[in-house]
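Chain lettering (A, B, C, D and E) follows the sequence in which the chains are written, and residue indices restart at 1 in each chain.
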Amino acid sequence: MSAVVKLSNVYKSFGTNKVLDGVSFEVGRGEVAAVIGQSGSGKSTALRCINALETIDGGTIDVCGHAVHDEKLDRRSLRRDVGIVFQSYNLFPHLTAEQNIMLAPSCVKKVSKAEARDLAKDVLARVGLAEKAGHYPEQLSGGQQQRVAIARSLAMQPKLMLFDEVTSALDPQLTGEVLKVMEDLARGGMTMILVTHEMAFARKVASQVVYMHKGKVWETGPGAMLDSPRTPELASFVGSGL
Amino acid sequence: MTYQFDFSSLWAYWPEFLQGAWLTLQLSAVSTVLGFVLGTLCAIGRADGPPWVKFLVASYVEVIRNTPLLVQVFIVYFGIATLGIKVSANAAAVIALVVNVGAYTCEIVRAGLESVHKSQLEAADCLGLSKPQIYWHVIIRPAIERVYPALTSQYVLLMLASSITSQISAEELTAVANRIQSDTFRSFETYIVVGIIYLALSFVVRIGLWLFGLAVFVRKRKLGTAL
Amino acid sequence: PASADTLDEIKKRGKLLVAIDLGSPPFGMTDAQMQPTGSDVESARLLAADLGVPLEIVQVTSPNRVPFLLTGKADIVMASFSVNEERKKVIDFSDAYGVIQVVVASPKGTEIKSIEDLAGKRIGTTRGSTNDKEVTSQIKNAEIVRYDDDATLITALVSGQVDIMGSSPQVMAAVNQRRPNDPLETRIVLKTNPYAIGLRKGENALRTRLNEWIAKDLASGKLREIYLKYNGVPLPQTLPATN
Amino acid sequence: MPSFSLVHLEFLGWAALWTLGLSAIAFIGGGLVGFAVALMRISPIRWLRYAAIGYIQIVQGTPLLILLFLIYFGIAIAGFQEVPALLAAGVGLTIYSSGFLAEIWRGCLQSVPKTQWEAAECLALTPWQRMTRVILPQAMRIATPPTVGFLVQIVKNTSLASVVGFVELAQAGKLINNSIFEPFTVFMVVAAIYFAICFPLSTWSRRLERKLNVSRR
Amino acid sequence: MSAVVKLSNVYKSFGTNKVLDGVSFEVGRGEVAAVIGQSGSGKSTALRCINALETIDGGTIDVCGHAVHDEKLDRRSLRRDVGIVFQSYNLFPHLTAEQNIMLAPSCVKKVSKAEARDLAKDVLARVGLAEKAGHYPEQLSGGQQQRVAIARSLAMQPKLMLFDEVTSALDPQLTGEVLKVMEDLARGGMTMILVTHEMAFARKVASQVVYMHKGKVWETGPGAMLDSPRTPELASFVGSGL
């Protein structure tokens, strides 16, 4: 299994606040990695570094063959390979669901309008929202918006998808809808890294769990690791997180 | 044509520049204070007055905001004289500037008044405060504090706009500049110097208003947060 | 500082740019149809005809006559432009083609016999003009009120913002036309100045050409006719020398 | 002696057209320059940002009157002597409005949440595509009311072009007054014409603002 | 026991909405009346009518000798006798706790500044906030703000205090702080009318409970009445409200 993402010894500070303190982990092709940990442990920052939304202070990050730590990194070509979905959806409010999805393919891949529309129909169907194509974000529920956001990333056919607490703004029922879409993706063989608070989901879907604590990778292992924590920190985290 | 810059001939005129700048500051200060009072009264009238007062204030504000200061200055200056009252150019300038900035102040302060929640009035009412007391203690002070940044910008603009009153013979900075340049024939240099003086003056006005704000808005000074 | 010969340039361009103050009756003003008129305007037309090019009027005010000339926005200035020593340091003048007095005038009933009587009074004049210079240097202790152009000064005198003026008899005439009930009367003559065409320094060819024209049309009486028509008084037989 | 007549009204009418023309030049020129300055003002490149801040500070801290004088004589000094007053006034007003529009629009651009900028970036859009396809459509809605409001300021401030000899509405008023000396009548009419141009604009601006407030609730 | 408050047959409509439909009750000196009832039953309106914040359409209200229904009512003198505390505190944000309290005594009673300050210290101590005198409202917790609001009313030494759901914006712990202050007041002999959702508190403190339903006083009696409701409406209200 070749590594799609490989972080080695990554350091990152905001001012005097050391947020990533030597983080290393790997995610292979088709793997689903769940990153868990307390608030402030650096999970989101790690994800943002992978996507070059933040620059790092030390270490190396390789993503789908791009040297993300390199100053000469071609960000746009990195981002054709990596899709990211945020907690706050970040749909473009002035565009319909369909237009949100068509934007990147037609702007970046120069796909024709008709093709882009077909593509949008396709990915909307995959997230179960075929009939909402013409709706504006404010006309959709949180769960629907989040699924459109996932579809928007999918439309670029990325090699890697990043999810940052995509369900934590949703109520339990809407959460279910979104998790189902993610499960489908995982089953379809997509390489994914997800930051999540849903332990049950991590246990069920993840092929690898990364537990972060104080800016470090504290423990890593298969989903089952959550049931037999080796460190007291993970034990207390799993105990409280349920 | 190669132009020979020569600022040295302006050097002899520094007392006059200073005098002009001083008059500009005086005009602006007086107009700011009076305009603030006028504008605040109008804002109260517009928010809480009888219908005819509301109409009057609204008309006043609209007319002033939609006509140029230059024209207002001329109308005041010659209009007053036509009525048979002789006022000095400085007085006419102040009247025109006050009328002008009063309208803008009215709009800004009104926004502030509207931002004070109705429940605040009820609370004050229930404590037995009279209407003027409620206005003074509960409405105006927080309202002004909220819109103070907008007022500051408006008063800096007023200071800059006072240059227009040179046209009715007020000997402020721009008038002085015009006289000096027709003495020295160094117009470009003169206007550069005056431009720099105006920049400095707007800095002075901003600092002055900021200090005044610090002195008056105790809560803001202590907590540093906006209301 | 002009490098080229302006006379050639005028010919080449086929247009004469003359700076005229249209806010200074009766030298420069507008008629009921809002067309430029006045003695300077007509004289300028005469000059343009003599040079064989059409005239283009560049509007100026007293304070900005010199900058307009120096920055090349006009070829020459014909704006009741009095000759004085300061100006001669910066620009050149042609021979005189008119005269203008600087007088102090006030309404009936004001007791002004000498300059001392003006102490503490408000005197209106035009900012940056010769009048301004004379009034400011000769009259001390008075409050001098300066307007941007003669027209504003006249408006101020007509509307009563000021009652005493330090300006030309022509301005006084214009004022009196508008306040027939309480006319101004001349009290003190501060100075009599010749006025001439202003031009940039070193334009000798142009100056020679202008002087030829002035001599010719003074002799033919055309310039005298224009002066009489607008000022109501004839031009003196001999005009003071300007250089 | 002439008094205020139809001829004068017609003269004012033509001058009012010049006022409108000058406003259009100032708005279009100021809009283009102002937008560029607004972009510089939020650019990640530090010296561009500082240059924009300096430009805005200087323009906003100098009276338009002085700005117009400087440009009028400055252009001539730079060697262009036969500058029509229109050009000088146009350039002066362009600089003036660009300073203010830049600041207004910067605020509007920055009021589009940072997450929207990031989302567009993550979709591999180019900076230009991000600006035109994602940020501008959102910022424009917010920017419309203050922009229309500022248009009123521009129309009014064209009156200062009279100081460089440009015959627009205010200068036309002065010229008429020079020939008939009825300052009160003349300037009242002038004021009324300005009002007729500006009032609909400011009313429109306020209506837009209300609509925006309602839709954002 | 003389009646401090007496409502007889009070009617009040907003447009076509009959909010008070013949309300009558009395509160004697030193009594504590708890007004309970569903949302929209007219409790707040009744309280606001007592304080002349709303004018009534019919009936009479007598409060401490003032004829509130009378058009010639002197509101300011009524309000020297009646204090009211709202759910939303309504402190003046630009004044410190102490200044909030000093305002009315110095404006209305023309008390000297020093006296007003002593008074403020006094009432702040009574609500347990002596050390917060110089704090601005935004520096205080919700419960502290509410206690300052109570102190502000107390400073006017009213004969009657009205409380409108003063605890419902607070979390349970902060609620406790405020209820304790009210209990102290009740024990000190203050006449009080409180609109409340805290049944336990009503039961414990109130000498009279007024149950309102659809703009009418449906049942009234001592605190014990809540344990043996006579009407099915109160029974279901008590059942659900616990």
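The working rule: contacts are C-beta pairs under 8 Å (C-beta built on N, C-alpha and C of every residue); 3 or more make two chains touch, one makes a residue touch a chain.
Not measured: the values here are computed from a predicted model.
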- Query: What is the set of chains touching both chain A and chain C?
  - Reply: D
- Query: Hey, if chain D just vanished and nothing shifted, what pieces would we be looking at?
  - Reply: A | B, C, E
- Count how many hops through touching chains it takes, at the least, to reach chain D starting from chain C. 1
- Note on the structure: The C-alpha superposition of chain A onto chain E, two copies of one sequence, needs a rotation in degrees (nearest 5) of 170
- Task: Averaged over CA atoms, how far is the centre of chain C from the centre of chain E? Could you give it in whole Å?
- Result: 84
- Note on the structure: Chain centres from averaged Cα atoms put chain B and chain D apart, in whole Å, by 21
- Item | Averaged-CA centre spacing for the pair chain E and chain D, given as whole angstrom | 56
- Item | Centre-of-Cα separation between chain C and chain B, whole angstrom | 38
- For chain E, residue numbers touching 2 or more other chains are none
- Query: Using the touch rule from the top of the page, what residues of chain C touch 2 or more other chains?
  - Reply: 67, 71-72, 152, 155, 159
- Query: What parts of chain B, by residue number, touch at least two of the other chains?
  - Reply: 1, 3, 78, 82, 166, 187-188
- Query: Among the chains present, which pairs are found to touch?
  - Reply: A-D, B-C, B-D, B-E, C-D
- Touching chain B in the complex, chain D uses residues 57-58, 60-67, 69-70, 73-74, 77, 79, 81, 152, 156-157, 159-160, 162, 170, 173, 183-184, 187-188, 190-191, 194-195, 198-199, 202
- Message: Considering only the defined contacts, which chain A positions touch chain D in the complex?
- Response: 51, 53, 75-77, 79-80, 82-84, 86, 88, 90-94, 103-104, 107-108, 152-153, 156
- Footprint of chain D on chain B - complex, ascending: 1, 3, 62-63, 65-72, 74-75, 78-79, 82, 156, 160-161, 163-164, 166, 174, 177, 187-188, 191-192, 194-195, 198-199, 202-203
- Query: In their complex, what parts of chain D are in touch with chain A?
  - Reply: 115-116, 118-126, 129, 133-134, 137-138, 141
- Tell me, which parts of chain D touch chain C in their complex? 1-2, 5, 7-8, 11, 73, 76-77, 81-83, 165, 167, 174-179, 181, 183
